[in-house]
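Structures incoming, each one as structure tokens.
Two complexes come next, and they have one chain in common, subunit A, joined by subunit B in the first and subunit C in the second.
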Partner chain A sequence: MDASPRPPRTGWNSLARNYDARMLRGGALADGKVVAPDRATELLEAVIEPHDRICIEGNNQKHADFLAKALATVSPDRVHDLHVVQSNIALAPHLDIFEAGIARRLDFCYAGPQGLRLAQLVADGKVQVGAIHTYLELYSRYFTDLTPRVSLIAAEAADRDGNLYTGPNTEDTPAIVEATAFKSGILIAQVNRIVDKLPRVDVPGDWVSFVVEAPTPHYIEPIFTRDPAAITEIQVLMAMMVVRGIYEKYGVTRLNHGIGFDTAAVELILPTYAEELGLRGKICRYMSVNPCPTLIPAIESGFVEAIHCAGSELGMERYVAERSDVFFIGRDGSMRSNRIFCQLAGHYADLFIGSTLQIDLEGNSSTATLARITGFGGAPNFGSESRGRRHGSPAWLQAGREAHRAGMPRGRKLVVQMVETFREGLSSTFVEKLDAWELMDTFDMPLPPVMVYGDDLTHIVTEEGIANLLLCDTLAERAQAIRGVAGYTAVGRARDRHMVETLRERGAILYPEDIGVDKRLANRDLLAARSIKDLVRWSDGLYAPPARFRNW
Partner chain B sequence: MERLEFRFAGRADAPAASDGEALVGVVGSGNLEVMIEQVDLGGECLVTVDTSINGFVETWESVLRDFMERHRLGNVRVSINDGGATPAVVALRLDQALANLGKPPR
Partner chain C sequence: MIPPRHSYLEASARARLAGILDAGTFREFCGPRARQTSPHLPALGMPVAFDDGIVVGEGRIDGRPVLIAAQEGGFMGGAIGEVHGAKLAGLIERALDIRPDAVVLLLDSGGVRLHEANAGLIAMGEIQRAVFDARAAGIALVAVIGGRNGCYGGTSIVARSCDVIIASEEGRLSISGPEVIEAVEGIEEFDARDRALVWRTMGAKHRRLIGEIDILVRDDIDAFRDAIAGHIGDSRPMDLDALEAEHARLVDRLSRFRDAADGRDVWARLGVNDPDRVSDIEADEFNALVDALEGARR
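Then we have the complex of A and B:
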């Protein structure tokens, strides 16, 4: 048999040799590993090559903003056609590099505030989008076909050997660092300060190529702070239904909460409503979430016992540090977060609950809105059935008995969407067809951008009631169960009243009176904290809210 | 701003206000105000809605009809200033205003 001709290669270590060449060019600008901030642009021009895959670290909280700005000022003659592989497109420079021709291809997870501009640049042919991912997906591809050649990361502090201290916002750094450093990639860290001795080492120095002390601390956004003052009585009502109709019913102990006001309302009635129901120690014991300030009363009152975090939250540092029985804390006394581990912990938990903008009659939900590319982030991994799960827990087994009534016994993760039937301006949450379909056509996507698929979803909670999709046998029943909690929207008013009654008898639709929820109690008085100031009080003064949330 | 008026048949045997003294239930939060008065309307129910969002007549009618049927009402006058509130909020407020009927406003 003839061996097929092999492609010519220049040995088995070309990446490492290329790394050495880049380090030689970059090293000429450095003092050891340290590069002065005013030479950052020069450094990037020296170590980045055309067509490189590059990651600029930036996620929900911290951003390598100084290095992102430096990259936007390199000469497009020297650095061009980059392939950006990073989770968030959040800062202007992330897109400036496409406008300038420095970068061309993009694989990412989430665009947030830059979504509108990104859509425009895609339409103009300036950005070629490979795919939009979830966090776990993109980081997985770092270890297969999208390994970064150069990564620009952010840390709190470094020493002169390049050891890094991330502080409580470790977030995505371990994933980026691991993929880059061990595939002969260049790793440049922007740090707030260079010190002689670090409080703890989060990234070993021999993995790090260069360190730049940024003129200003890296940008951090307090995106998980929800002011209890803005929680409505409708949200309190829905929270009561979640506690009785889902958490109590299934005995949910391990879970992940979304970050909206709806789930904040659940957190804030644990010390009041759930306490009176005798549920402390029975529900909500272990959580995979960021340290949301609205969790403070539930922690202080002994409901939530342990929390692993994807990242930190501004103002929560001292409170978290003083609660090392609850949070994961380094020997230095500050939290260690890790987005991948938090995502995995949440994926294998008993329940995910979040909010969305649109739900169709199959239960598919989407946060996509027309004219804007946003993306996925972490919700699809949290909010999906964990088919690889094998260990039992009361909640998982009980949901499994509802889901698999014949054949092989199985467990089932609870995936819950908590939505009001109408959003602001009386636009309906429930729709016959998601905007995601139109978005797919507009942006030439392979599939409609669905956040949580209908067959992953188990419950929908609205102000009208709960639809338990596990107890629906056909798509027609599922559609009527959804109409049955869709209130006065067009979708809700088109319900078949007879079928809805049948489904209610079966327990596939539950109204407040069916689960012992007294609507008259749906009052803001039920919230354990009704303001940011109340949260500070609950924390014994350890929570230090950012200035914009202080109004006293 | 749009003013909507609805008239429902109501329950003929519903008690009307005695001694010409109207019982009033009021609930207000933000811009949403709901007032329910028990007056002699020959059994009928009259509802006035001042809404900031136009084009939702059918939605309002459904919300109000369900409310009237839920509580088997008659001889009431309901005034709503919706302040852009969703039907869910209005329905909850209507129930609360009814519960407050005859009690001093909070």
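Then we have the complex of A and C:
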């Protein structure tokens, strides 16, 4: 039998030779590794080739915005049909390049504010979406089939050898750099300043191809700041139920909080409500989260002992730097964040808790809304059962005993959704069928975009009570447990009274009085901080909130 | 450190009254049971409030009789419509009949309610006249500012017509709101989203430093109560001499600060050593600073 025919090879190092050719073209525009900002467009035209896979670093905080703008001004005759592989579509130039024909294909994670425009460009045929990923998935594919040929990244500072300092917003940079630099890809960094000596080296210079000093500092968005003044008494009540009905019950020590006012309320009642219950040192000790300002009182009062961060948060830099027992701080004195490691830590923690927009009767939840492509970000990984986990912890083992009442003993991660029964505009959070189904048809997706699957979810907390899905044996029971905490929504009003009572006796439905939560205490007096100014006070003036959050 | 727990800023109008008056002394006039609601809002398909967003009545502070009004910022931003305005004007007019030790106005308002602008503007005139009548009769009027809506538009004129103004740092006092200035003059002139700038321009600390507010307290209902109690019966003369002195002060201020681009420039010229810190210091430290400045001037 003949061997199958193979295409002729030109050797085993074609990528490296191609890298050398690109560097020769780009090097003509550079002084060593440094390229002047007014030659950025020329540089991109010189080193990018048609059909390249390209990453423009940009996640929900830090953005290589100057290089993104430069890419949007290259000639589509020279640079075209790019395949964009990057986590976030957040800035206008990210989509301008599709409109101009510079890029054609897109694999990404999250679209946020550009979601509406992206949906229109997809409908017009200007963007061919490969897939919408979670962060961990996309960066995993960087090391299999989606390795970038060129990556445009953002750092705080560089020296003339190309060494980079990212400052506290290290975020996704290590993953992008690793995949690009070690597969003969071109790595161009925009930096806020070029200096003689860096405070610390986050990326070694010999991995970096070119450095451009941007005329203005890279854009950073303070997206994790929640003003305690906007937390409602309903949210305080739900937070009390989370503390008693979940954190205290299971003894949750390692966890991830989603971003939102619901979880901010939990953070702010730790120094008051949980302290009075004697829970300091017993719950909420290790967290995988961004340095949310609403965590300050819980840190200062000794609840939260250690935090690893995916990114940083504007205004928190000094506070974080002065708390090196809590945060991960370099010898230069500033934090180093890392999205991948934070995602992994959160995945193997005892608990994830977050919020969502819609939940169906199986417990599937989605933040997708019609006419908009938003994507996933990190929540599906944080908010999923960690079936590969093997080490025990009290919370994981106790949840496992509830989940696996017969056969092989197993542990179980707690995955909690915390929602009010009605959202803004009196639309119901609980629905018979998610909008995600319709979205799948509209945008021709392979699956409905579900954030957390029902079989990953263990608890739903509403202002009515807690549904413990681990104690439901059938889908019919699960549906009734969900109806039982869905209040006065249509889903809630369709509950079977007898089944709900049975489930309550079993502990699959818990109302506040069942777990010792006194609803009369649920008011804002329980919040350790009730304003941004209170957070500044707790931090001894180390937290410097951005101007938009101030009322002084 | 656990910060103060009874925030005036967060409290409703009724909670503020309960915290400021002696317990059990409040008697409301024209309360929600009377259902005197706006005649204009239903025509626009807008919801009404049974008290039209203001609570008026009488009570005691440290045993001394007062008339008191509290605007509810949660209803239409405390804006003044026909009924709201009539309740406020009527309360102040009543002072001439019963001669209380003070009329206390807890203001939390953007000014006239645009949905019933003509009636609201007429009401403003009536309120203004009632304030001057009461002051001419020697009755002390105390204006209190510390709600989310600040004190804007016609309400700010009423406040500046009172004998004394008490405010917390979170309070704001100005004729035009930040968004209005930005819309009219452009974002280069005034960026309404820069909240620190808003407070440096209209916030109570700035107003205290330039002499438009008399007392600054921390955001705490008890602190407000104590400050009000300390000024019951303190009326200032309202005569030609007082008016001319005020005009001279304003002319002087305009010439001194005409070219100051930011509140911090004004504070520096007033003799504040570290203007950048002013926004961040607590009420006690701020008041010590003000005392030192005023002592130096005397």
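Note that in this section the second predicted complex is superposed on the first by the 551 of 552 C-alpha atoms of A that agree within 3 Å, B and C clash if a C-alpha of one lies under 4 Å from a C-alpha of the other, contacts with A are read in each partner's own complex, and residues count from 1 in each chain.
The criterion applied here is as follows: contacts are C-beta pairs under 8 Å (C-beta built on N, C-alpha and C of every residue); 3 or more make two chains touch, one makes a residue touch a chain.
Just so it is clear, the model here is predicted, and its values are computed rather than measured.
K.L.:
If you stack the two complexes on chain A, which partner ends up touching A:Phe422: first (subunit B), second (subunit C), both, or neither?
P.N.:
Only subunit B; A:Phe422 stays clear of subunit C.
K.L.:
Would you check which partner chain A:Thr232 touches, where first means subunit B only, second means subunit C only, and both and neither mean what they say?
P.N.:
Only subunit B is touched by A:Thr232; subunit C is not.
K.L.:
Considering only touches as defined above, state whether A:Lys519 meets subunit B (first), subunit C (second), both or neither.
P.N.:
Once the two structures are laid over each other on A, A:Lys519 reaches subunit B alone.
K.L.:
Name the contact category of A:Ser140: first (subunit B only), second (subunit C only), both, or neither.
P.N.:
Touch partners of A:Ser140: none, neither subunit B nor subunit C.
K.L.:
Could you tell me if A:Glu464 is touching subunit B, subunit C, both of them or neither one (first, second, both, neither)?
P.N.:
first
K.L.:
Of the partners subunit B and subunit C, which touch A:Gly487 in the superposed model: first, second, both, neither?
P.N.:
first
K.L.:
If you lay the two complexes on top of each other, which residues of subunit A touch subunit B in one and subunit C in the other?
P.N.:
Correct list for subunit A: none, the interfaces share no residue.
K.L.:
Where on subunit A is subunit C touching in the complex?
P.N.:
229, 271-272, 300, 524-525, 528-531, 534, 536-538, 541, 547-552
K.L.:
Note which residues of subunit A are touching subunit B in the complex, please.
P.N.:
Answer in residue numbers: 232-234, 237, 420-426, 462-464, 487-488, 493, 519-520, 522.
K.L.:
Which of the residues in subunit C come into contact with subunit A in the complex?
P.N.:
Residue list for subunit C touching subunit A: 1-3, 5-7, 9-10, 169-170, 193-197, 199, 203, 205, 279-280.
K.L.:
Could you pull out which subunit B residues touch subunit A in their complex?
P.N.:
29, 53, 56, 58-59, 62-63, 84, 86-89, 92, 95-96, 99
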